[in-house]
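So that you can tell them apart, the chains are marked A, B, C and D in the order they are listed, and the count of residues begins at 1 in each.
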């Protein structure tokens, strides 16, 4: 029996995590949630069940896919998180770090330091800088030469270093964290959150973010979500996610 | 160890069902979904965790309660189903019987009979008829005398019998099921559906439907939902459902 | 200049109403809500604007259609209302009559009678009874012979009369309204509600309920919604509703 | 008669805008949407109507407040936008600038430049830097001395300048915009969006963001939303927004 993966690393520091206990349902669930209309139940997934799922997906009868759920933990640059947020309806974000003024603060130990985690930044590798696309339908074009990439990466790391230094200095000299963070080049700042969605919601995310015109970084995350989810719902995802 | 209940009968023919595989999360889930902001995790539920849940509930920080889920199967009179629907946001109904013209039909075997289940009706018992309430804030008042109830029940059963007879006659003489059902006294007609909701959604339902001014019939169902759910989230529900 | 219709009668006693003050936006609204991304604005609707709407509809970029709104008042048999409810997400129903135990009661004058409106029922005309469809993809088939329809209508009216008489008798002898209504053949009972939705939500309803396999009665209502809405958003609805 | 304000400036470069045509409803709307249950209508807003609104707000009967709508245009730093997003359920964001790879691109003229707007940044004034709060329940504390503020502002402007220069250089030497933006200190970057919400949704936002523990910057925006909205729904907002 194949071992179930629960975490896939993405980019330089990120990951997507899906634990077995954070999955509700399997391929049979949408089948039986559809069949409740007829008071019937399948106990095994076979050809008929596959045909039913494909029928439901093709005809847009998505309600049976809204009764199964997954909860992911994601660690990704803010740039990616922003594109992800539009899929958050019905669930919610609880992000970290630097959210020192969320009302949640109140429950915390009085001795808590404001910054519970060292900020991490997404560093584009020397051979990972992409050119502008020839065809605007694509997110970006070919990889740029390494000599150019080397310089760009150096400049980016320098921005992160300077920004982070000014940020910590500001905090040390008494500036409120909520303002000090303006110094951070935050598109590259890693944030961590939990994302819970129905099977249909996850498939909607995959349909939009696996596509060639999605930004490369979020596509990497979508591929991790895809791999982790398909371990639990291979046929249902086939039925809803069109390549 | 106590055995986990998975089904509770309600009214004369109805039930609420919650299987273990249809639950995602436990009391620790909202705790840890809240703590992700600080990159911390609890592995055991103790006093601190209980305090955190109570804090979250009291202050209205409900987002961590939207990452745990339950899926129920319910069999209840249409009258009850109608009141339940307002809690269906984000999930969906797949009802039975008599939904012969839902597009779902299309996937079914060509030999399928239109009516897959014998209609069942909610029969108010002789000693279950309630008077109009003295205080309008309550749904209904005292139980009426059995002699009166006897007559009412007899009249109700007669309505069901006549309606059902005319309904089947109409179908036999070729009337479309979708029109024939107009003959049925449908408030009392049992329907079956699956209801999936987040822990917060379930608590919202409980807060409104356990109250004294809820209709007695749906309150019976809410109590079943309450008992089944508390087996999995005793502290979280305590934190969100105010008596 | 054409006068704007605000109400269209449907079935024997029903209607759909859309007043000018209950519409927010016009065809230019989704255009400009899409163009905010580029900080541009159109002041007149021309070929370019039409092309943009069609592009948005075709590619499934529906978010600009979620910033315009309409609010309808509908009076329809419960049978139709039940099919309508799945489109209510984000809005809400406030129905009448017979909802005597809704918490809303509490605000009302102490002298209020429980039943504020005479129940009305949907009576299928002698020449309106439909046969079972040959093709199950359709809701129903040909019209049945008038001689047969005459008898069916007579039986239906008799069910309504008997049910209504037992319902009022029960109330007069002290039964709580919430139970007494079990006597009513309620699929045909008219209810009144307000339905507010975004332009996208309304188009979703139209896409599903204008189709040939929708039940004839709700299709009649969908056609009324379609006519009323197209007065305000002719091009936007063309872009989103596929025949 | 008082002139209706349609735009209020916020921070150094931002604003909130609410045009008359982007408002659906007035104080009478939730009154009459509640009264539809009883088939009654008020034509004038008086003491009885005010009492009803207060009753609805106090008892949490919020559905009548979900049938009136407003659509705002907001121009605010990304830092503020991120806190706003959690209120976007049921509506949507269409942001600018720098979203060059959103699929929306595709509809645009082939000659379109990627960057349609000069980036603007939120510059904290010399006398606007706030200290860390003594009480963590508040967002931030007292204003810091101007001499210190002067230095902080200078450092911040320098970060913006350097970041923006590297960003434009990168684009000029062929880097894809979606990657180049990593150079920007983006928490301070102004973005523009449209936000449409029901009256209830707007009040929910106000209840959370007018509070003392909200971050000062978003509180400024919430006050603008409050002033603009109260011109149209003074009593309804009084009923739902608790100070």
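FYI, contacts are C-beta pairs under 8 Å (C-beta built on N, C-alpha and C of every residue); 3 or more make two chains touch, one makes a residue touch a chain.
For reference, the UniProt names are A, B, C, D = FAD-dependent thymidylate synthase.
Owing to the predicted nature of the structure, the values given are computational and were not obtained by experimental measurement.
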Tell me, please, which chain's centre (mean of its C-alpha atoms) is farthest from the centre of chain B? D
Can you tell me which pair among A-B, C-D or B-C shares over half of its residue-numbered contact pairs with A-D? B-C
If you average the Cα atoms of chain A and of chain B to get two centres, how far apart are those centres in Å? 34
When the C-alpha atoms of chain A and chain C are each averaged to a single point, how far apart are the two points in Å? 38
Mean-CA-position distance for chain C and chain B (Å): 25
If a residue has to touch 2 or more other chains to count, which residues of chain B qualify? 90, 92-93, 103, 106
Overall pattern in which the protein chains touch one another (line/ring/star/complete/other): ring
Which chains are in touch, pair by pair? A-B, A-D, B-C, C-D
Parts of chain B lying in touch with chain A, wherever the complex brings them together: 21-25, 33-34, 36-40, 51-52, 55-56, 59, 61, 63-64, 66-67, 69, 71, 73, 90-97, 99, 102-104, 106-108, 112, 116-117, 192-194, 196, 198
Can you name the residues of chain A that touch chain D in the complex? 78-79, 82, 85-86, 89-90, 92-93, 101, 103, 105-106, 108, 110, 114, 122, 124, 129-133, 136-137, 139-141, 144, 148, 152, 155-156, 159, 162-163, 166, 170-171, 173-179, 181-188, 213, 215-216
